[in-house]
Amino acid sequence: MHLSDRFTSGIVPIMAVSVLALYIGLVLYMAIEAWPALIHMSWMDIITGTVWKPMAQSPVLGLSYIISASIYVSLLSLLWALPLGIGTSIGLSLGVSPRIRQFCLSTIDMIAGIPSVIVGFIGLAVVVPAVQSMFSLSTGESILSASLVLAFMILPYIVTHCTESIETYRLRYEETALGLGISPWHTMKAIVLPSAKGSIILSSVLAFSRAMGETMAVMMVVGNAPILPSLLGKAEPIPSLIALEMGSVEYNSLHYSGLYVAALVLLMILILTNVLVYMYSWKTRKDGHHEVI
Amino acid sequence: MKLSNLALATWAYGSLVLVMAILIAACAYIVYHGGPLITVDFLWLYPAGMPLGVEGGIFPAIIGSILEGLLTASMAAIVSIPCALYMVYGNISRWKSECFLFTLRCMSGLPSVLIGLFGYSVLILYLGIDKSLLSASITLTVMVIPFITLRLVKVFHEFPRETYEAALNMGLSPSYIWMHMVIPSAMRDGLSAIALGAAYAMGATAPIMYTGAVLYTRSIPNITDPFMALPYHLYILVNEGYSVDLAYATAFVLMVILLCINIICRWIGGRS
Amino acid sequence: MSTILDIKNIEVSIGEHPILQHITLPITECAITAVIGPSGCGKSTLLASLNGSLQAPKKVTNGQIIYDGLSVDSINPQMLRRQIGLIGQHPTVFPGTIEDNMLFALNYYKELSSTDRKAKAIQCLEQAGLYSEINGDVKRLASSLSGGQQQRLCIARSLTVDPRVILFDEPCSALDIKNSLHIEALLTELKAKQTIVIVTHNLQQARRIADYTVFMNDGRVVEWGATEQIFSDPQQELTRDYLAFGG
């Protein structure tokens, strides 16, 4: 056996296992760093508490406004993006020639590569003033603006995934349906969409988890005030809180630990949604269906 | 056409047109506002004015972002290539491979701010490394490893299994086959996967905010120096309200660099 | 003639479920042994177990295979595969030119000087009757060859590492009759130096080239012996039925 073989065959599993260890370590690290805050206040108090005063003599780490701001913005962005995204997928699947479909999909793919700081900048320059004048607000920085910007960020993701699953089912049923004299649009409505429902829901779940974690774009237009979130008012979602405060925390303070509790919430949502998707795709694979996600 | 089908078609075409229009308008907006502001000076000068950044150029930020991308890509490649090879050719059990895939898929969606927090705590606070190009790139590497590895797994899967086995059946070692057959034939798609990862890293702001990016540097950064990066520079220009014009121009430069990488990679990937 | 591979009562299973049972079979050196039987009877699995290339979850769970006086488990798998080559159903040319294909393994072993490697490559191509067919143009892309030529390139390529045994898993099933005959002729030449085991579903092919024939059914060896004896005077009812109807 050559020496170089020995080197390569040794390094390959070592690298793979260390990657696995790195990410498991990352999750554990976050849990460990969050621990002091979870001892200081209980889970329940943190989740339901409304006051975020991490620098006080006895820090108060209430995350409820912050978590609900995150959920509010993300759900609202899904409300904008889902109908548009699914509609676009149907349009791409049925309404245009394969060449145009390919062109649109690659354009969308490319635009998904625009960094969120640029999207946030556009939001600040376009969306915020528009919201401000439309509702005659003192500032347009609000949940509404953030959700619109966020919808832009998750649209490419939704369109790519939905088109993929809709195409899978369309190609599977189209020939048979056409043979029976059913129009493509009716096939889409009666057969394809109901079959693709599961995977569309799953891609919305994944899009939701992406939206929860989106940092820069939201942070630049949401106003960042940890108050009770309302549609036209400022708010401070979890990623903004972490990004704004992590630079100034004292290492190993309760404030520091409190940020990790917020991080842990995001991490839990991420893992939960992924487990959900994994279980679904496992089930469909076992049922002998083609894997769609 | 029945009425309900007509409604469906209207919805589909309507959203398709609207979505494409919004997406393209956003790009056009940056090009329209930023494009005309690009001058040779802007690309080649250091930031100037008071506060720094309201005048002058973004030369160190362009160089900083490119160095950051290169460093991240090379570190991620060193980790991701063996990892992907192991997942495809390591003869691992079904259970183990599901475990790897799940972890990587899950972590490819990890919010960038969490990566930033993790990198800042471990590298800067715990290990006491100075904020630098290196610490920022390590943080970004953690972010792009799942992204790159998942794509490389796909690329390596495309190499025919029978050919690999035929080579094994001549008594050749797996690593020789990887180095001399699998990797060379995966070179083009593999490099494009790594470059896309680099582009992803170069656009990220949150992970580098506290791990290495700074407002101003006097020279081209060393690997152990803090550095300027385009997305962070843009964020500061916008957030501090220094200069909207320069923000448009900076956004334009960043967008053009990333779109170029994306287009080239997709073009290369599409040809094979 | 001596026995080069002695299969002693092996059993191969997936988990608890055996797919090969009680296989006992001596493989004679410098002869062609054909393995015939219905699809799914375990012919290919048997071949794979001979050079240690069984894919998990398949595993040898009982018995042993003796190669050159040693159990194959105790031989370094790479050394074993170098000496016992396996060629599959579909031609599997490596990326690159014909020369790249021929030099790939030689460059790994580095046992010959670079000029000797090229000479060896040409000699193996000649042996497979390919060198004159391509007019000595070894810089051609291997994928530009026809299917039959590709398969012969694979055989020539495996000859570069000087295997003592070559296992063939239905090498002609993807080829037309002309190319099959070409390969059959090649195998008959090869047996002067190499031992050949060939799995085939083509009974005529087995009859034409094999010295010994093994009939397998349902994971067991039903009958084996000299080819003429198996075909003209099978002892088992199953063999008789298969020869009459199965092929």
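Chains here go by letter, A, B and C, matching the order in which they are written, and residues are numbered from 1 within each.
Please note the rule applied: a contact is a pair of C-beta atoms (placed from the backbone, for glycine too) under 8 Å apart; a residue touches a chain by one contact, two chains touch by 3 or more.
Protein names from UniProt, one per chain: B = ABC transporter permease; C = Phosphate ABC transporter ATP-binding protein.
Being a predicted model, the structure only gives us computed values, none of them experimental.
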Relative to subunit C, chain with the most remote C-alpha centre: A
Chain at the geometric heart of the assembly (C-alpha centres): B
Where subunit A and subunit B (ABC transporter permease) are represented by their mean Cα positions, the distance between them in whole Å: 18
Intercentroid distance (Cα basis), subunit C paired with subunit B (ABC transporter permease), Å: 48
Whole-Å gap between the CA centroids of subunit A and subunit C: 54
Of all residues in subunit B (ABC transporter permease), the ones touching two or more other chains: 173, 176
Overlap residues in subunit A, where contacts from two or more other chains coincide: 1-2
Subunit C residues counted as touching two or more neighbouring chains: 78, 108
Contact set on subunit C toward subunit B (ABC transporter permease) in their complex: 51, 53, 56, 78-83, 85-88, 90, 92-95, 104-105, 107-108, 154, 157-158, 160-161
Contacting residues of subunit A [partner subunit B (ABC transporter permease), same complex]: 1-2, 4-5, 7-9, 11-16, 18-20, 22-24, 26, 29-30, 33, 83-88, 90-92, 94-96, 104, 106-111, 113-122, 124-126, 152, 155-156, 159, 183, 185-186, 188-189, 206, 209-210, 212-216, 220, 239, 242-243, 246-247, 251, 256, 259-260, 263, 266-267, 270-271, 274, 278
Of subunit B (ABC transporter permease), residues touching subunit C in the complex: 91, 93, 160, 162-163, 165-173, 176, 180-181, 184-185
Residue numbers on subunit B (ABC transporter permease) that touch subunit A, as the complex places them: 1-2, 4-5, 8-9, 11-16, 18-20, 22-24, 26-27, 29-30, 79, 82-83, 85-87, 90, 99-100, 102-107, 109-114, 116-118, 120-122, 125-126, 142, 145-146, 149, 173-176, 178-179, 196, 199-200, 202-206, 209-210, 231, 234-235, 238-239, 244, 247, 251, 254-255, 258-259, 262-263, 266
